[in-house]
Each structure stands twice: as structure tokens, then as C-alpha cells.
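Structures are listed in the sections that come next.
Shared between the two complexes below is chain A, which has chain B as its partner in the first and chain C in the second.
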Partner chain A sequence: MQTKLNEEKKEIEFAIEQAKKQREISISEFFTKNRHLLGFDNPLKALSTAIKEGVDNSLDACEDANIMPEILVELKQTTPERFLIIIDDNGPGIVKQQIPRIFGKLLYGSKFHKLSQSRGQQGIGISAAALYGQLTTGKPIIITSKIGKNNPAYYYELHLDTSKNEPEITKEEVVEWARDHGTRVEIEMEGKYQKGKRSVSEYMKYTAVANPHAKLTLVEPDGTRIEYPRATEVPPIKPKEIKPHPEGVELGNLINMLKSTESRTLQSFLTSDFSRIGPKTAKEICELANVSPNSRPSRIAKQEADNLFQSIKKTKFIAPPTDCLSPIGQEALEKSLRKEFDAEFYAATVRPAAVYRGNPFIIEAAVAYGGNLSKEEPAEIIRFANKVPLQYQQGACAITKSIMSTNWKPYGLHQSGGNTPIGPLVIVVHIASVWVPFTSESKESIAHYPELVKEIKLALQECGRYLSKYIKKHIQAKAERERINLFEKYIPELAASISKLSDTSKSELEDNLKIILTQQLKILNKEDGTIKED
Partner chain B sequence: MVPSKKISLSEEKLKELGDNLARQISKKQNPSVKFPTRSLSNIKYNKQTKKLELGKSITERSFFNLGHSKKFLQTIEIASIIKKQLIETNKHEHLRGIFYIAKRTLPGTNINLVDDQTESDKIIEDLEVITGLSREELHVSANKMGSMVGSISLVDAGDLIDCSRLGRGGYSIPSITDELEFKKVEAKYILYTEKAAIFERLNEDKFWVKNNCILVTSQGQTTRGIRRLLQRLSEEQNLPIYVLCDGDIYGAYIYSVVKYGSIALAHASDRLTIPSVKYIGITMDDIINYDLKKHLIRLDEKDLARIKQISQYDWFKDNKAWQRQFKMMKEFHGKVEIQALATKGISFISETYLPNKIKNKDFLE
Partner chain C sequence: MQTKLNEEKKEIEFAIEQAKKQREISISEFFTKNRHLLGFDNPLKALSTAIKEGVDNSLDACEDANIMPEILVELKQTTPERFLIIIDDNGPGIVKQQIPRIFGKLLYGSKFHKLSQSRGQQGIGISAAALYGQLTTGKPIIITSKIGKNNPAYYYELHLDTSKNEPEITKEEVVEWARDHGTRVEIEMEGKYQKGKRSVSEYMKYTAVANPHAKLTLVEPDGTRIEYPRATEVPPIKPKEIKPHPEGVELGNLINMLKSTESRTLQSFLTSDFSRIGPKTAKEICELANVSPNSRPSRIAKQEADNLFQSIKKTKFIAPPTDCLSPIGQEALEKSLRKEFDAEFYAATVRPAAVYRGNPFIIEAAVAYGGNLSKEEPAEIIRFANKVPLQYQQGACAITKSIMSTNWKPYGLHQSGGNTPIGPLVIVVHIASVWVPFTSESKESIAHYPELVKEIKLALQECGRYLSKYIKKHIQAKAERERINLFEKYIPELAASISKLSDTSKSELEDNLKIILTQQLKILNKEDGTIKED
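Let's turn to the complex of A and B:
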């Protein structure tokens, strides 16, 4: 009910459950059928999805460990259809025992069970990339990882046992690695590499914008090396983990939470597994649902759970805490935009935290204008969700809709109807939330929640106001230059004509006209020089 | 009689314009020219003289004003072209030719001094007002569009022309008629028609021989050359002038321009208007009297709007006879062309219609 997302997630879970039980539908079959849900629908997209999953993991890991990320992405073409992807980071590394499970088992991860702002969510991404590689090339995923100076580096080659959803280690050894910590992932897969829109390099550039503290490097298949330096040495604020807010909970969630909680009583379940429920509120909820606060959560029947759910819905709660959010930051966002785009004017803004369905979120927006940006094209829209660029399904996204339904004309931009404004403009919108409402599992566009759209538009309008100040000043300065220029061009022509009419020398007229020009400009500036003849 | 004196006057006036600007510039003033405003708001109908005149409003065009500077440059450059290339060499050039001389890209810009002929035409009209010289005195001509036949002989550029011996085409009226010299004028009146086809009909019927008159035609609107010629014949030879137009609002306006002047050339009214001209037809009454109702052409929205507009002009506003005509136009909801008279017989116009009108003094004024 909450979103299509949850439904799809349930579908996947259900499907995987079925696969486990019946052993007839294999996970690989499921994956092959549903690869589009995970972003592997075509060779072009598969390549960028795999890179995206790897880089997201690296960034998340570095953030958790307070490490300033240095990530290398390298692509090597092995056959006309195949590419070897290497993602190499200076992250905290992965404990030996965990390596096979993280990379060789679908739906295994640290992020799914907690509510905090992170790039990845389901623990499906990198293992899905590995599986896709295995399905298309038969090659294993290769991982090298080291967790500290005094620890060895482990080298693994893994296959996914698709019938059991378990990793199968084909090679495991200790290797020399001349660094303190980090992880290197190599996947070979079928793919297609191209430059331009929705390319890997676009993804890297956008990622650099959203992660000003990261140092990124891309080596393209043709050997081109692109560096994305840091825009700031200040690491982002580490988002805090929060518990779900009762306003956002769904019946299904609630039942699962009741089953899996460690709390012994309903009372303690409500106060410790949710945010913003105190003992008093917990009692009230129980009373309203006609369930004893001392009941064991695991023994709550379905009907009781439903009653509980209804009474939660009827109760008012304080808005969730917002320290779980980590925006890019106004200054950092502006700096990184400045670094990646050759424009004349930059502005960024961060909105105060707001809430939709019990989920806190923060909207950030930024614009870059002028310079070498294309003047005749629609503005370049860059969408971020939890610092991850969204490159597909732009048209369906709430961010795009918000941009199109904002009136840009008052800010001095061209815009026809409800379209993207036209001009030398880059528009960046970032939504940071513990739970971003994507329209589908491949996490490509954001659902239209009125609260989100409202905040996005407010952020855009603020950027628009900064922009219009600049454009107006810019246009004025330009008009001034043009005016002087025009008069300078006209003066010799006028002098020549007057000297033909009267017997005055052309050079004398010209010299005097130039003197008058400097005097007149002062007056013209005041009058704005636009007085028309009657 | 023409030559040296007039040319020097023109030259003098243009030099005066240049000297004035040079003086302003040497005083470090923003160079500017002042002249009576030529827009509709400044056109007045003078009831005493019965002419359209410019009012008292003054336009100042200055160089260091972004809204004016290009027009200012156009004005002065075209003035210098006229002085150097036409007046000092005693040559004449067409409006079209002036446009081509002035049409150039200004060095170091992508701006053309003039982009189309309407711009340079307007500047020349401005120059008439600025210098007080007529376009003819500025040696600028327009397309000639008219013909004349009749009992008149004249000298044009040294050639003696007898307008009674010019066959079917007649004398081709030049664009500048100031310098024509009238020799022998035996005609008693002038019949001017907007329609060349009617002129040909009347010429073939030898109307001007039988009625001892002069026939003049234009092609639609009356050019300034024809207006000046008619004015001179009216004033110098004391000839009455009758205007024959289609029975519609446009015919009425052609008559009104000849009689009172036009909005665009209000500054030249003294040289062009003929307050004594009379309208001979086609009138709305002719439609009844000559049974032309079945030849009416239905009015459209544009025609009706124009009737409304013209009937409210100051010079028509209090004219009862004309207001009656306008009212009848609306009632008929139709207009009629001169050629409709041909339904009564090809030569009905020359044998019956016009002689009757003149004999009965059946004119509108």
C-alpha cells in the first residue's frame, strides 16, 4: 500500500521464499526474468548499474568508517561484448568470513534491517551484479579485501550457487597488498560502453557532485583516465540510525516486526522498536487496540495486530528526529558543482527537514548558470537520492515534474508551457531520506508525494531567486557593454556624415564625440537609456 | 526658372543641419535635432485653411540615446548622401535607390544602417520636416504612376509636350512635377480619376476633346507628383478639379487626401492639398439614380471598420453631405465600382453620366 516499491519488494521476497521451498524456480531463473527490476535490462545499463552498485557500496562503507573515499573504477574490454569492471576503494575492508556472503548471496547486507540514510538499501545490488556477470560470462566475481595494516589481504573467487542462494568459493588465498585497508572487486560481464548521456562517465561526474569529499577516478575502456578531485576535505556528517516512525508503518511491516523483535512485552516492543513512542503512548495504543501491554509480541494474532495497527493510525505522534539525515550541504554542493561544471554562477540551498508518511527527509537544490553551458538546450537536470545519481526514467520522477511545474520565467529564463526551462543551466536536486520512495526497485525515479514536491519546489524557487539576481545584474552589465560598444562603432560613421554636411574635420568631430560619450554614459546609466521617441 | 537658386537653398539647408550638429559637438553637447512630431497624435485639421497640419508637439532625436542613436545616424547619413550625391551633382534618385545607397553593414558590427525601404522612406519624410525642404527639393523621386491627356501643353526638362497629341497612353506624369512649365492651357476643368481603366475609356471616347478638359489618372492612391501637379494647375491656371472614384470608403479617402491632405504627409500639406476640389462620383445617390443596386458588392468587416474610422475624422465629422453618404454606405451594406456604369452602355459614362453631373453641378464637397 505504501508504495509500489514495497509491493515489489514483497514480490521478490515471496518469490525467493518460493524458490527456497520448492527448489523448482531457481534464483537465477527469477533473476533472469526480473533483471529489469534491478537495472540489468540491457548491456548498456547493466554495465553502469554494476558500477553504480559497487561505488555506492564503497562510499557507504567509507562513510561508516569515517574514511575519506578514494575510489578507482576501471573498465577493460575483454571481448567485443564483454567488459571487466574493477572497483577499487580505500574503504575499511571486509572481514574475511563475510566476504563470500556479501558478494555471493542475494539479499545479504547490513543496511536492509536498519533505518538510516544510506545509498544501498536492500543488499541486492553488488551480488546481483556478480550474478549477472556469472550468467553472461560464467566468470566468478573476484574480491580482494584488507581490513587493517596488520591484517592480511584476502583474495576470493566466488560463484553464486543459484539453487541455494549461497556463495561457492572457487579460490581463496592470502595475498600481498601494499595498502592499509580497502576492497577491490572485479566482475566480468556482457555490456556495452558508451559516452555522453547516461554513460558511466556521467554517473561518475554526478557522483562526484553529490560526494564532494570523495576522490574518484575513472579509467575508460579506451584508456582515458578521468580524475574527479575532492571539492572539500570535510567529511559529511555521519547519518544516525533511527527506528521506524509509527506514522510510516504498514500492517505487513508491523507483523514482521512483532515476529522478529527481541522485546518480551508489547509495551517494550512499541517503545524500543519505534521512534517517538513513549511508555504513556504505548499504553494508550494497547488500550485502544484492546490488547494487553504485557502480551508477548510473537504471540500477537493477526486480528490483534490489525487492531494494533488501526490504533497506531489513530494516534498522533511527534515528528521523527531528523539527525538521521546527512545532506550534502549548501557550501559543499556549490563547491562540487563549481568543480564539475564550467559555468559563471553557482548557487545551492538546503531546506529544513520535513516529513512524509513518518519518514524525515531533506531537499537540497543547486543551480549552475552561464559560461560554457549550452544556451539553446533545456536545462541539464541532475537528480540525487541519498547522494546517488538517478540516470534513468527522468520523465516519471517527482524531481523532474517539480522542475517543470516551477515557473522559471520570473527568474529570467526561457520556458515554454510546463517544460524544462531552456538556457545555460544545470539544476541539481537531492532528496536525502531514511526511506526514499522510489517508483520501482531499480531505484530510478522518485514517487510523487505532495510533501516532497512542495519541498522540492521551495528549494528550486530559492535557487531561482539567487539566479534571477545574477541574471539581472549580468544582463545589465551586458547591456552596458553593448551600449558603449554600439556608440563606439557609430561615432566614426556619424562623424563622417556630419563632416560631409558641414565643413568640420572628421577627426575633430570624432574626438569630441568620444568625450561626449564618456559624459553621456553616466547620464544614460541613470535613465537606463530606453526612452523611446514619441 | 528652376535651376541654381533652388539647388543652393537645398544645399544651404542641409549645410545648416550639419553646422548645427558640429556646433553642438564642439560644445560637448549630445548632438540632437528637433522637429515637429509626425505621429497621428500631432496631426490637426485646420478648419480655416481646410488642411491637415502638424501640431505643436516637438520630437527631439539625439545620438547618445540608445533608443534614438540608430535613427539619428540614419537621418544624418541619408542627409549627407542627399547633399553630396544628389544636390551637389544635380542628380535625382528614387526612394528605392536611396535605400540601396544607405543599406550597408556598419563596420565592426552586424548591424545594417537600414534594413528595409520603409525605414529610409520614413527618414526622408523626417528630413523634409527637419530641413523644411520638400522631397522634391531633396532630389528624391518616387515611382511615377499617372497619366495626363487634354488641351494642355507644357515644358518638361526642356521638351515641349502637347498633351492633346499623345495617343492612348497620354503624358506620363513624372514623380517630381515642381519644375514643369505650363504653356498653353485651353481646358476648362480637370477630371481626375483613381482608375486607369476609366481614363482609357474616356480617352478612347475623346471625352476631353468633346468637353474641353484635362484627364488625369493615378493607379489607386494619388502620388505626391500628381497631387502637386493638380495643385499647381488649380492655383496657377485656375482650373476646377473634379474627382471620380469608386463608390466606396476608399474612394472617399482618395478624394479627402487630394482635398485636405494625408496623415503621413501633413507636413507637406501646403504644397499638396487642393481645398477647392469637388467629388463628382460615384455617390450613393448615383446607385439609386442610375439603378446600380444590383451591382453592389457586399461590405466586409474591414470596410465597415474603415467607414467608422473615416467618418469620424475631423474633416468629415461635421460634413453633413458626407455623413449622409457614409450612412447610406452602411445601409446599402455595399459598394459599387465606377465600371458598373458600363452596364448602361460602354460609353454611358462619357456620354451621359459625366456630362449630366457637370451640367447639373451635381458634386459633393
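Let's turn to the complex of A and C:
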């Protein structure tokens, strides 16, 4: 009996002891331990991730404010293992009060709750870079920002309090800054700088391809200055914000939306808090759910909400508006590609907008072929999501899978099994969406939504058809030319034989045969030339 | 002038407008939108992820409290698209006050800050399952828990307030419950139930393999009851908690630890807040960093902390203690494998502990070969991390890559290129660590740390060598037997020839030759038999 009581006492004590250990984990602590989820796996990747996060923010800010971006990225090596990263833009600047939280708090930003295309979407990126800098060097992130010519420039040094996920201001002052407006970010971190594949300069080059309106400059640690000039002076169309589309809503969201709406009736809630629900459709939904359109949204019970949800699921809606998207555009994409790759043939295509889980998206694809591109290697794949190049986790990405599962042989390319086609080819795919479904917070690859894969494949097939026309003509012309050259060799022999048979002089025959051949060649070259200008 | 002023006014207004949109994103909102990061990509996976999170928690709780686990998983289909999941355990139970936060708040738990092997590590899993249930069905998560025979059982119905990441108690009462202690969790969610590959029953089977001390029961939606009995009555060794090892510390962590330590001197901080730093080493570190061992840790300046960090990096330390780990064990792993797979040959191996980023880990591997396993297909790969089976993202996992980059041909298996070997083979790999570096929050695959890959390959090679011995003998014996059978056919002819040459009777020769062959066969079969018992 005594033992039993003791045993139970022990059990209860255990549960109480456990309870003391239970506590909240701050999001900063979580990501510090799981930094590879944010792209800070190793010094090489950490450096390029930090730059990417900074440049993404600059481009987004400029686009929002209708400013043609001029962005400088500068790297300085401070110790054999540490680098100072500087990202300096002519963007709209950030108001003083917001600076600490934007750069010193994870999950803070303006883009998460907004339904329109933007590079950033989670409010994690730049503060994660600051966090990584602090973790590896103990140094603060430094921000200088100015919102207008007659406004002061504010200078901040910030640490992140990881246990609270709050910024800690260590220095705050007004400084002189030559820019009219803009933001300058400085982070020192452990890193490794490398040229070539997956390098910072590759990232800058690809960013220039996807953002032909941006002027970018990179100063490498050894002082090399690389300029990426604008390919166009036309600013991109600024994406508009849309309301959620009913096809993408889930019961839980619907309940939350009903709770927090400012609409006073269910009818006005449905028509004003969603896109593509008109007054007539709203009435039909209410009728089908057996709920009055005049009900107060906040008073809708769980079961009624479920009924509403079921009737929404049964209703057909027009596709969501697509002015929330800002594709690169066929012409601009092709132009950028011409500027950055030395090939013979270029083609680009933009698919009509499509929808996954209620989110509109547009797929753009482009190819560059021939010229100085390597003939023996697999095609170079360039992946973009909302105009941001994706450099890592290529194998896991829906874009790569779509390329590999497309049959490239009919277009005149070599391809073994379900692999990347082989040849002098660059393949570019861009997905533009109000919400890109990444496979991790580091935003390196796109999840396999069937709707996305389908559209990517259609875009690739379109490019493939253009390419196939070029390859066929090009190869046919080449083969023809070879045949003519071969024939030329036999002219003397042929002329001699015909001369014997026809009693014509051999040299006359030779001359005539040569004239015919030259004419053929001219036609051929002309055809070839026309295609080149395609 | 006026235009310029207007323009600037517009710029400033833009920055202020933007500032209004900046706001905090709650971790629940973040994961609701990014649910695929947590393993809730689709109805099929959502169901199995939820069950996995629940069972992981039950097993962890039992292990902590030295209880031999008895866990019931029951599934009931409530509508064509919805299922009620019940997970019922005999664990230690949870004290009343903690129930709401453990099940209704993301990033809350006891395992994140603890350095010892456990299945859960982030405090996300079960609340994420509750969140998904709420999102798809609007229903609360229901918990019943009791910490001792004479204590009441508490019943809770909880919703998650996603905008605050806090639990919302919708029902709370004391109920009668037959168990002495334990926890019962009920979640209703959209889901899909399927048998076969990646099914819930596969998860249960693999869990039984990795947890031979657990008694598991699964009741499928159609009422089928599957029992997974214990393979051993010996409880696993309970892992101990350790202090961080100096090799894994980073400057940022060191600064935080110095700030929050209870030690009054740097000397005592180093010896008591880390594992494997003795008084002598502590003095040497301080000396090298030019900081007095008597300094107050909270008064150490950033630069001094950096110096300390640099001297720690230059110091050699003994590997961390490994009693924080609880491997399955060679014998238990082999036994489990025998119980679940019908093969001819079994072998298991446990590697000595190794370290990555200061975290100790142990790799265990096992193989099953022959018998009823499929001969023509790639080997079945079973991956475990801290005794939890990993069912998804096999291609992205360090275990898979290690298997594919191991050369299996010398061990007598077919393998083309860098693919999975082909043959009647099951390969099991278990990584046990105080911190498993997963590639995403859904904990489906392990990141490619070189130290992990190296140890996995060594373990596989060890299993390969055992396997090779078996295959060689087995195949040799088979080939020998075939040769004997062939020889038997020629006995009459051979006997006739010898009879002619030697003047011996043909039938006598035939009989003698047959006796020799029979003896050979007996030896062969005996050898084969011995190996079978290996």
C-alpha cells in the first residue's frame, strides 16, 4: 500500500516537474537553432542569402514607390572569415519609428497580409540576416534611412534580443547623407566569397535579367566593380492589391474573417471582403446555406459558417483579377536575355493568368539557344519567383521537375530519360504570384502544385515550338550547305562525263554548274539570315 | 519649385503610408499560410502528420517518465472528407495549467532548450495539427489528461487564436476516466485515409521497429484493428540532459550565455555551463583571451567575449558525453526487423558516438536480405531520426544520399550508377542525436552535414560486409550445387569411359561417383544451414 502511494506520489511529482520545464520558444531562438531553414547553412550561402534579402527589399520598396531602382551592393573583407555587406538604395526610405522593428524583429512587415505580388512575403529575411551577423560576429546591424530631401537621415545600430524577438537599439542618431531618399544597410557576418556558379555575381546577373528596369552595381571584396545597366527605361507595372478569392478560402479563414470584418451584414461582407462575389452571387450563397444575408457577420455560429463554406465550395466564380501581378513581359525578358547571354536565337512567352488555391499566378518562360553557349552540357536553368532568382535546391523545385518531365526531343534537342535536355540552351522560367508556395522559409524552391506544373509545362512547350522551328531550319540549311559543298568536289568529274555524252566543252559545263550552286547557296544563306533576325 | 515640393511631399507621404501597413505577423498566421512547411500539404499527408505528432509526444512522455508505452491510435470517418483522430496513451499525463498552452500555442514546449535526445524538439507539432483541424473543420482540439490515480481527469476543448498565437478555452471540466494516468487527444480534420506505401499503418509498423518496447494499436476507419506487440520488455535507456559542448558554441550564443548565467565568475561559468571544460582548461581559455577568470560574466564586454570565443575555437576538447543519447541497440533493432520482415538474413550495427557542431550523435544501421523480399526492385529504405520513422522527402534526405553514394557492388548487390541498390533488401538507418538537423519544420528529411553522411556510410559499409559474407557463401553454395547437378547427368557417360580404361564395372563406378556427389551436397547444405542461423 505504502509502495503504491509512493509510486503515485512519484508520478504526480514527475508531471509537476515536467510542467516547470514547459516554456515559450521565441521565433528568434527557433530560427537561430534552425538557421538552415532560412538559408544560412554555411558561410558561402549565408553571404549570398543576406545580399538577396537586402536587394529584394530594395527592389520591392522602389516598385511600391514608383522609383527606378539604383542599388549598390558592396562587400568588404574584415577578417579572413568575416565580411561587411553594404546594400545601399535610392528607395523611398523608412520612417524612423519603423526602422528598429523592420530590421530587428522576425515576422514583422507589410507584405504578409497583402494580396499582391512582391519579392518579400514573410517579414523574416533581412532580420534573419541581422540575426546571423550577430550570432557569428556579435556585431549590430547598421541602418541609415531618409524619406525626403528636407528630412533628416536617421542612423541606427541594432541588436536582436533573441529571447524576446524584439530589437535592442544600441545607437540612434541623425547623420548627414547625400541621398535625397533611400536606405543603407550594413551587416558584418561570417562568410565566404566565391566567384562562378551560385555566386553573388551570378545572383546579380540573374536579378538584372528579371528586373530590366533596375540599375545594379556590385563591388566585390577584391575591389572589382561590376555594373549591370538598365535594359529598359520603362518601369514595371505596379501590382495592385486584391481581396481574397472565394475559391481559396478555408473554413478556418472564413470564421476569422467573419469575426474581424467591418461589414455589418453578411451580404456586404461577402461582396466587399472577397473578390469576384457580386450581390447576386452573395444572395445565392446565403440562400444555399440557409443563412439570412442580413445576419451580422460576428453573430454567425460555427455551424452556419460551415454551411456558408460548403455553399461557397459549390458555387462557380470568375477567376480572380490579375492586376495584382507584375510579370516581366515578353519583350523585356527577351531583351534582358540578349544582354546577358551570347546566343543565336532568343524566344520568350507569357502565359495567361491561372489560379491555384485562389491565388492568381502567371508563368513566363524564355530560351536562348546556340552561339557561345556550351553544346555538350545540360541546359542552364534559371528560375525566378516574383522576379527573384532562385539559386539553391534546384533539384527540389517544381520548375526543374517541369523542365525534366517535358519531352524536348520533338523540338530537336537531345534528352535522355527524364533528364534536363542537353545542348547550347538556357531555359528561364518565372512564376509571378500573390503568394509563391516555397518549400522552405529560405525561399529556394517551389512546391509541386499541379496547377503550377501544368502552366510551366505549357510555357516551356511554347518556347520549344519556337526553338524547334529555328533548329529545324538551321540544321536543314546546314545539311543542305554540306550537300552543296560535297557536290562541288564532283563538278570536274561530272562535267567531264557530261561533256563526253553531250559534246559540250568541259570548262563551259563546269562554269554553269558552279553558277547553279552559287545561286543555291545564296538562297540558303538568305533564309538562314532571315531566321537569325527572328 | 512647386512641383519639386509636391513631389517630395508625395515621397514622404508614401513612406508614412507604408509605415501604417507594417505589422507583426503571428507565428500561427505564418504557419497557417505556409502549412506545407509543417507537413500539412494535402489531406493524405495531413492525417499521417497529425498522428505522427501525437504518437511522438506519447512516446517521449512515457520515456521521460520510465513508463512502458501503450498507445492506441483510432480513426473515425465523420464525413466523406473528414476524420476524427484519437491518440490515447498511458503516459504520465499533463498538469492542468499546462494543457491549453501545450496543445493550443505554437512554439511552446519543454524539449527545445533541453540537450538530450527526444522525438519532438520544437514545440510546434501537436498544436500545428490542432491548427490544421480548426482551419479545415472549425472544430476544437479535445484533450483529456490525468496525472495520477487519485487525481481528477481534466477535459479541455481548445481553439487557437491565430492572430495572437494563444489558446482559447471553449470548454473545461473534470471527467471520469478509467486510466490511472495518461493523455487522450482528439482532433477532427480534413483528411484522406489510404493503405500501403506512406500510410498510417506503415508509420505504425516502422514506429514499432524503432521502438521495440512500445505496445501500439491502430484502429483503422473501417474498423480493422492492428496490434503491434512489444519485441522487448526491457525499457530503453533514458537519455540524460547535457550542457552544451564548447565546440558547437557560436559567438552570439556565448554572449547570450554570459548575460544570463547564474555563475559569478568567468571560471565557474566556463566549467559549469559547458560540458567538458575542466578548471585547468577554463584557466587556459581565459589566459589565451587575456580576460581574468575572476571577471563577472555579465560584465564581459563584446570585444572580450569575441576574444574568449576565439580562444575556445583554438582549444581542443574531449568529445561530449553520450549518455544524452538512447540508441535502439543492435540486438533490439535486429529483433524488430525479424518481427516485421520475412527475410533470410539480418544484421545490425551501432556506430560509436560522433559529433557535429558540438552535438553528439549515434548512427545505427541494419539490413534484412532475401526470403520474401522482392528481388527485382530497389532496396526498401527505412529512415529513422530519434526513433521516429521518416516517410516523406526521401530523395532530399542525407540518409538516402548516403545509401546511393555507397558502392554496394562489392557486397554482391546490383547497383547502376549512383542509385539505390537492387535486390531483396531492406536498409534501415537511424540517427540518434540531441538535435537532428531537419531540412524543414515538417521533420521529413535530414540535412547533409558531412559528419552525418560520413558516419552513415561507415555504418552501411559495416552492414554491407556482413551481407557480403552471407551473399557470397549463399551464392557460392548455389553455384556449387548447380555444378554437382550438372556433373550427375554425366555420371553414366563418365562411368562408361572410365570402365573402358580401367577395366572396372560401369555400375560399380556409377555407384561410387554418386556417393562422392552426395557427400559433397551434404557438406554444402550444412554450410548453407549454418549461415542461415547467423
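General observations
Methods note: the second predicted complex is superposed on the first by the 389 of 534 C-alpha atoms of A that agree within 3 Å, B and C clash if a C-alpha of one lies under 4 Å from a C-alpha of the other, contacts with A are read in each partner's own complex, and residues count from 1 in each chain.
Definition applied: a residue touches a chain if its C-beta (ideal position, glycine included) is under 8 Å from a C-beta of that chain, and two chains touch if they have at least 3 such contacts.
Values in this document were obtained by computation on a predicted structure and should not be read as measured data.
Between chain B and chain C, more residues of chain A are touched by C. When the two complexes are overlaid on their common chain A, residue A:Leu251 makes contact with chain C while staying clear of chain B. Contacts of A:Gly93 after superposition on the shared chain: chain C is touched, whereas chain B is not. Residue contacts after overlaying the shared chain place A:Gly148 against chain C, while chain B stays out of touching range.
Using the contact criterion defined above for the overlaid structures, shared-chain residue A:Ser292 touches neither chain B nor chain C, since it reaches no partner. After overlaying the two complexes on the shared chain, residue contacts for A:Tyr490 are found with chain B alone; chain C is out of touch.
Residues common to the contacts of chain A with chain B and with chain C across the two structures: none. Of all residues in chain C, those touching chain A in their complex are 8-9, 11-12, 14-16, 18-19, 21-27, 29-30, 32-34, 36-37, 41, 61, 64-65, 92-95, 97-98, 101-102, 105, 107-110, 112-114, 122-123, 134-138, 147-151, 162-163, 181, 250-253, 255-256, 260, 302, 305-306, 395-396, 435, 437-441, 447. Contacts from chain A toward chain B in the complex involve residues 483, 486-487, 489-490, 492-494, 496-502, 504, 508-509, 512-513, 515-517, 519-520, 524, 529-534. Taken in their complex, chain B has these residues touching chain A: 14-15, 17-19, 21-22, 25-26, 28-31, 37, 39, 41-42, 57, 59, 61, 63-73, 76-77, 79-80, 83-84, 106-109, 111, 113.
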